[in-house]
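Two complexes are shown next, each including subunit A; its partner changes from subunit B in the first to subunit C in the second.
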Partner chain A sequence: MTPLLDVADLAVHFPVFRGPLRRKAGTVRAVDGVSLQVFRGETLALVGESGCGKSTLARAVLRLQEPSAGQLRFEGQDLLRLDRRAMKAARRRMRMVFQDPHASLNPRLRAGEIVGEAFDIHGCTRRERDAGVAELLTLVGLGPEHAARFPHEFSGGQRQRIGIARALALHPSLVVCDEPVSALDVSVQAQIVNLLMELQERLGLSYLFISHDLHLVEFIADRVAVMYLGRIVETAPIQSLYAAPLHPYTQALLAASPSIDPDRRHQHVVPDGEVPSPLSPPSGCAFHPRCPFAIANCRAEMPPLLTLAPGHDVRCWRAGEWAAAPQRAAIPVGS
Partner chain B sequence: MLSTLASAADPTPMAAPKPLIEVQDLKVHFFTRDGVVRAVDGVDYGVNPGETLGIVGESGSGKTVSSLAMLRLVPPPARTVGGRILFEGEDLLTRTPKQMAALRGRRIAMIFQNPATSLNPIYSIGAQLSEILVWHEKASRRQAEERVAELLNLVGITDPLTRLRQFPHELSGGMKQRVGIARALLCNPALVLADEPTTALDVTIQAQILELLADLQARFHMSMVLVTHDMGVVARMANRITVMYAGRVCETADAATIFSAPQHPYTRALLESMPRIDQSYSRGARQKLPTIAGRPPNLLNPPAGCRFHDRCPEAIADCRRILPVETAIAPGHTVSCIRRGSPGIAA
Partner chain C sequence: MTGMLAFLRFLLGTRRHMALLGLAVIAVFLAAALLAPLLYSWPSATLVNLGHALARPSLAFPLGADEMGRDMIARLVWGARMSLIVAGASVGVALLLGLLIGGLCGYYDNRASFITMRAMDAIISFPRILVAIMLITILGPGATSLTLAIAISSVPVFARLFRGPILSLKSRDFVLASRSLGAGDMRLLFRHVMPNISALIIVQGSISLAEAVLIASGLSFLSLGPQPPVPEWGAMIAQSRAHLLSTPHVVLVPGIALFVLVLALNLVGDGLRDFADPKSGHAGPRVAS
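Now for the complex of A and B:
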């Protein structure tokens, strides 16, 4: 099966200028050689902490941020070879839902104009647009009567529904969701999560779902890619990732994420140290300064992404050991 | 009135200790152009010596405002319009501003949500922290800096003497929050109010900060009020939990009870609506998350009766009419729901 979205060795580098003469002081490798696939109808979650490059990667996939290197194939097209017009046409099929529903809706436009803008940009008639807007608002659980209201008249959850309706205009096949519920209250989060899953089922959508909430990801995703300092360190189907995480960073993330489950609640496992600066990443494996299992080789050389089981890739020199003895992978980190 | 209890971690119930701070029927209203917003409207809770009380609720539930009221720091247009706050036997609401100033940062200290904005960017860490000791304890600059360095070391900051000369922008988010914690502990407070202390941080850093807080609290036998929207954080940290909704307390119980046998319909719904690791959601047979229909009421014009009634699956006709009053249904477990036997005030 060919993937809907195929990202190969994608890199996004930002030059950093410092000093009075704005000399180039270095390069931030925000995304550095990332490969991933999203198949039709599936949800691939991208998890990691702030600064790991997950949002930059999402923007690069839509070419909202021009990649520095790599390949990007979407529905069989090589996106990086498309000119502006062709890229604009391709963007009908790949849309984005943003994190903050307060900041991502223009306060001066009515809900109908926000949702309908895509129809105008892509040259639809007025009638197509009005019909489309009414249908989309109904689809996301609002009503056609909401089209005349301004964003400030809606609650946070309703605003995110408008953001989702906007993304679904013109029948996309891929929706990139950048932390779509993290700005919402818990009781509203559940409503939006249910809506996203229902829409996926009805419309056959694929999601690239960016999140830092591992509980949510387990609920919504089919596969997970874990990023650390610009690189993917582990990719796995949901079940194997949560049952037997192989990369020490994934183990640390799972252990650190606060849980309300009684048997996990009192695990006090804390990974040491902080995320290093992407301006001067550590040598070898970028996680080695924080990793309790680091060996000499980890400091010297970046491990390759190894496939240890079907669909389960890990970037760790010692991954073979964890895979062979899964009970040892049961997080002896810290305490 | 809240009774006190032994926490789950402490299986031998002792005689109920006297609470260090007790909030009684607290009312904080915002006097806005559009009318009076009843942000905190008759709230009771208490914190025992050495324990952590977690206050959870969604945005607008009044959790932050009620904790600011304990320091008499509610910002205009809000005013504390009723109730009592008994701290070490005295009502803070009757203290003079001068008496409050002598108390803040010394007996009751606060850790703020955003470490990036709660430190002053134009003073060095050493200057802004030692100022507190100079002011409260009439310490000399030198004594103050020694004590600051000692505390920075205690909160896990390496090379504290260098850090004293640094400015907030030179520190990472996690480091800044460690400084915020050191600042709160400078005068050995009896009570620390922590308002979403880890919300602005990444999960691995959050875990480090939570561990540090728990450790320091046990070491100094402080009481702590931890205000958060994150059930996972209170699960890890709190001895007892108070759940707030729309300016009122729904339920207070020890942490284990809140998670294993919640009684108030809002507490139940809130817990059910959270995805959990380990609940093995299998693809295909994937269920939906249970949701709470509707959204929190507008506190300009709160609904009559129970404030949760229009979203509550168990609401009966009386819930629209009767405002429930918190009542104990078991030792240390109070609920305000007439369907759980709470008495009420008819509208």
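Now for the complex of A and C:
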């Protein structure tokens, strides 16, 4: 089965300029050779700490940020080779839901104009637009009567519903959700997550779901990709990732995520130190300065992405050891 | 129109009496300027009649007559028309060019916009009146070149002022959202970015009007504006200044009119600024003490 979205070795590098003459002082490798696939109807969650490049990757996937290198195939088309017109057509099929529902809605436009903008851009008639707006607003749990209101007249949850309605205009197949609930109250988060899952079922959507909330991801995703400093360190189906995380960074993330289930409390293996600067990433495996299991090879050479089980890829030199002993009690206590 | 009503309600509600007064004054000047051809014929404001030279205010000449025997009130009203047209047109042109340059330089943050903005800085570093005088020297004196000179000398100020907010607005999520739907640059700039600085445009425009009236009169005083016998306040002051001590009204009438109009425009501009941004320094409901 060919994936809906196929990202191969994608990189986004930002040059950094310093000094009065704005000389190039270095390069931030926000996304550095990422490969992932999203299949039809599934949810791929992308998790990682803030600053690891999740949002940049999301923007690059939609070509809102021009990638520096790599390939991007969506519905069989090579997105990076499309001209303006073809790219505009492709934008009918791929959309984004933003993190902050206050910043992502133009305060000067009415809800109907915001949701209906896709219809205007892609040359629909006024009648088509109005009908589409009414349908979309109903779909996300609002009503056609809300079309005439301005964003400031809505609550945070309602605003995010408007953002989702905007994203669903003209039947896209892929929706990139960039932390769609992290700016909302906990009680509203559940409603929005349920809405997203319900819409996925009804409309056959595929989600690239970016989050830092592992409990949310466990609830919504089919597969998970863990990102660290611009690279994917582990990709796995949801059950195998939570049952047997193989990369030390994934283990640390899971351990750091508080659980209310006493049987699932992990031993805390919070990595020492800060996330290194993507301006000068560490040699070899970027995680080695913080990894309690680092060996000499980790400093010297970047580990390849190894497939240790069907659909379970890990970028770690010692992944074989972890896979062989999944019930690892070997976490050095106190490290 | 609803915006105008909301502004009035704001001024009344927060007891901004000075701004209300300014608004009333501007309304009077505007009415006079619009109705000038109906009130006083063009010849009555321009034809020399030495029999009435320097006549004191009377029933026939409510504000007296100037040294050429022309009715002062007729010249004042036609002068108001000239001042408001020159000021309005120059601010309009300057806003348009300023928005275009500031908008493009903010939206496309590249080397060309860097060079353009440095050029704007270079123009700003000269006094505005000097820039205007230079332009009029090239274009030749007259109402049109006066308007253009004032407009062009204020473009850099507008361009700098508008570039900042546009630069920050273009990276906001709602602009990105629109781009992700397939919107082109022009749609983003004119539907998403520009409307969000409309308050800034209105406020800056109203304050610039006062400045434009003042500069227009100043340049006319130096006989760089419309040429005699066209009535213009600054030119009127210049022509009559020899008679300041013997018959002061010939100088005081246009001088006071100029003062009142500029003050009124400034007061309304301040009111608009508070209306647009209630958090700015001078705001807060003013309580009569």
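The rule is short, and it goes like this: the second predicted complex is superposed on the first by the 320 of 335 C-alpha atoms of A that agree within 3 Å, B and C clash if a C-alpha of one lies under 4 Å from a C-alpha of the other, contacts with A are read in each partner's own complex, and residues count from 1 in each chain.
Methods note: contacts are C-beta pairs under 8 Å (C-beta built on N, C-alpha and C of every residue); 3 or more make two chains touch, one makes a residue touch a chain.
Being a predicted model, the structure only gives us computed values, none of them experimental.
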{"item": "Which superposed partner A:125 touches (first subunit B, second subunit C, both, neither)", "value": "neither"}
{"item": "Subunit B versus subunit C as contact partner of A:283, first or second or both or neither", "value": "neither"}
{"item": "Partner contacting more residues of subunit A (subunit B vs subunit C)", "value": "B"}
{"item": "Touched partner set for A:185, first subunit B, second subunit C, both or neither", "value": "first"}
{"item": "Touched partner set for A:275, first subunit B, second subunit C, both or neither", "value": "first"}
{"item": "First (subunit B), second (subunit C), both or neither touched by A:138", "value": "neither"}
{"item": "Partner chain in contact with A:96 - subunit B first, subunit C second, else both or neither", "value": "second"}
{"item": "First, second, both or neither for A:2, with subunit B first and subunit C second", "value": "neither"}
{"item": "Common interface residues of subunit A - those touching subunit B in one complex and subunit C in the other", "value": "none"}
{"item": "Interfacial residue positions of subunit B with respect to subunit A in the complex", "value": "58-59, 172, 174-175, 202-208, 210-211, 214, 229-233, 235-236, 256, 259-260, 269-271, 273-279, 281, 283, 286, 288-292, 295-296"}
{"item": "Of subunit A, residues touching subunit C in the complex", "value": "59, 62, 64, 87-88, 91-92, 95-96, 98-100, 103-109, 117-118, 121-122, 163, 166, 169"}
{"item": "Subunit A-facing residues of subunit C, complex", "value": "172-174, 176-183, 187, 191-192, 195-196"}
{"item": "Touching residues (chain side subunit A, partner subunit B) in the complex", "value": "49-50, 155, 157, 185-191, 193-194, 197-198, 212, 214-216, 218-220, 222, 238, 242, 252-266, 268-272, 274-275"}
